[in-house]
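Same chain, two partners: chain A is paired with chain B first, then with chain C.
Now for the complex of A and B:
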């Protein structure tokens, strides 16, 4: 009996990021570890991509997959590993998670349409890395005076004092953030001030008072600078992350379809 | 000094990664891309995950303290 032909699984291309055409591409396992990650060159740029099953990454399947925390973490980490490996070979413009093309021709068409903008963006971040800096301060003390007030007037006065204290705290935190950012700018080529994460999201006791990303040429100098600031300031805890691919330094024109 | 340690701690939390790969990066109008609603879904899914990461870290911390 003749063997039934295997039903060919429909595949697409998952795009991790874009590098300069001809750049080194160190090996890394992709979102589907069975598939090789390759560089698809198109003019001055190359898409770092690997084949994926469309039954796993199709729109219909995605909604279900996205609710699967384990799947998500695995794929997000794989995405990052490929981009970081590419970063070892040279400048990278990282793509957003889950950028999938149904076929290679479509992928190449988009690379060619955005080729010049991508090449310019790559030239701008060549030799630079993104570093993240966050500052944390102890949470605001709550006196609870107002809730213990015995008269309406005492309550109102306590409320007013608490409000003033809160405003003072916000002002002093704003100042800390501004001073920190100002000094770090001296060690960076470019910067972005990011939204603060709430304590619910960060899962920490301390409150975030600053969150920034810096595009840095001399990492040692930036880290020494940050360590010097950390020694001077006992009012905030500083945290450094990275080096990251330059996610926060993708030009605006490439951040929308 | 602990501040130094904190400053130079290269800890890559999943959250930090998620904020970058989901909200930043090149959008090349792929055939299939995440919609805003999808990104919300991811955060909903991840909250479960992050909660379990936090629990794990607490357990590790508790184990270290107990040692």
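Now for the complex of A and C:
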């Protein structure tokens, strides 16, 4: 590696993900847009990384930075864009946000120590993409009957009815989710059921009733399958996202500290 | 949102922030040692960032426009409810509460 210019500021390496050694790395702006994103090859794999200031990314500094929503969104989007660019060049194992090494030696040590596991993981997702599918249902109607009840007995009956309706709704949503997931599995190599996003997070009026990620070889077939399900079901809205880097399909041995 | 609008699937472009956060903050390779952020309250962070964008013109400067056409942020259900919801979320996220317009 070429000699780096002297810096007054202490720098480390931000690792975005790992690709196969020699894979194409389309250009993308990193978390520090002034610094070039490079592939640091070590045996069969290469770390996609760029230099960062440790005053910005050190643990102590990070606690404060994470409270800054604007900073956080910029850096998270940059992280995602670099990993997506790497995905255009071939298989990539994405790192979690803010994986930072104090020096290049430590980064290379990780790549060489975990080289085999990383190479296996990359081989497993070669030619595959992660797609996200979410299902939404209209929010549960609230009759407000109980609050208008004119007697104690009417109130209790209305409350009981409301409770039954809620239970019925939860049951039918569970069935919708299970059926949807089972059918989509038929178009995918692997899958993960994700936590439902609350309405505050999803920003939608409708309630999320299913959230899943699928590792897919034939994207056209998966999308056709999803479109067919959408035509059959007018009680749920389906949303497709991706293709994503396979965040949800990083093997467990690499996704645990 | 009406049930009509919910009828078919739609690819969402660009990626919704919540979907990006769900992956980037919570998934992927995790490496022991060196610098690593603690596990975060992803829901809270997402809400905070949504609020930032909902309230700041800066978002436009940043070239992020996914919120346009978002019924939540455009208050299709009435301005009062939207404001109430913002206040509630801001409290939850520990942000200064929105002033009355």
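What we mean here is this: the second predicted complex is superposed on the first by the 250 of 257 C-alpha atoms of A that agree within 3 Å, B and C clash if a C-alpha of one lies under 4 Å from a C-alpha of the other, contacts with A are read in each partner's own complex, and residues count from 1 in each chain.
Definition applied: a residue touches a chain if its C-beta (ideal position, glycine included) is under 8 Å from a C-beta of that chain, and two chains touch if they have at least 3 such contacts.
Everything numeric in this text was worked out from a predicted model, so none of it was measured.
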Partner chain in contact with A:206 - chain B first, chain C second, else both or neither: second
By the touch definition at the top of the document, which applies to A:104: first (chain B), second (chain C), both, or neither? neither
Pick one for A:162: touches chain B only (first), chain C only (second), both, or neither. neither
On the A-aligned overlay, A:231 touches which partner chain: chain B = first, chain C = second, or both, or neither? both
Quick one: classify A:74 as touching chain B (first), chain C (second), both or neither. second
Which holds for A:247: it touches chain B only (first), chain C only (second), both, or neither? both
For A:57, select first, second, both or neither according to whether it touches chain B, chain C, the two together, or no partner. both
Once chain A of both complexes is superposed, is A:138 in touch with chain B (first), chain C (second), both, or neither? second
Identify the residues of chain A that lie in both the chain B contact region and the chain C contact region. 12, 15, 17-18, 57-59, 62, 66, 69-70, 72-73, 76-77, 79-80, 93-102, 106, 110, 132, 194, 197, 201-203, 226-227, 230-231, 234, 237-241, 244, 247-248, 250, 254-257
What part of chain B is in contact with chain A in the complex they form? 1, 3-4, 6-34, 38, 41-42, 44-46, 48-50, 52, 54
In the complex formed with chain C, which residues of chain A make contact? 12, 15, 17-18, 57-59, 62, 66, 69-70, 72-74, 76-77, 79-80, 93-102, 106, 110, 132, 136-138, 194-195, 197-198, 200-206, 226-227, 230-231, 234-241, 244-245, 247-248, 250, 254-257
Could you please specify the touching residues of chain C with respect to chain A in the complex? 1, 3, 5-12, 15-37, 40, 43, 45-53, 56, 58, 62, 64, 67, 70-73, 77, 89, 92
Sites on chain A touched by chain B in the complex: 12, 15, 17-18, 57-59, 62-63, 66-70, 72-73, 76-77, 79-80, 93-102, 106, 110-111, 114, 118, 132, 194, 197, 201-203, 223, 226-227, 229-231, 233-234, 237-242, 244, 247-248, 250, 254-257
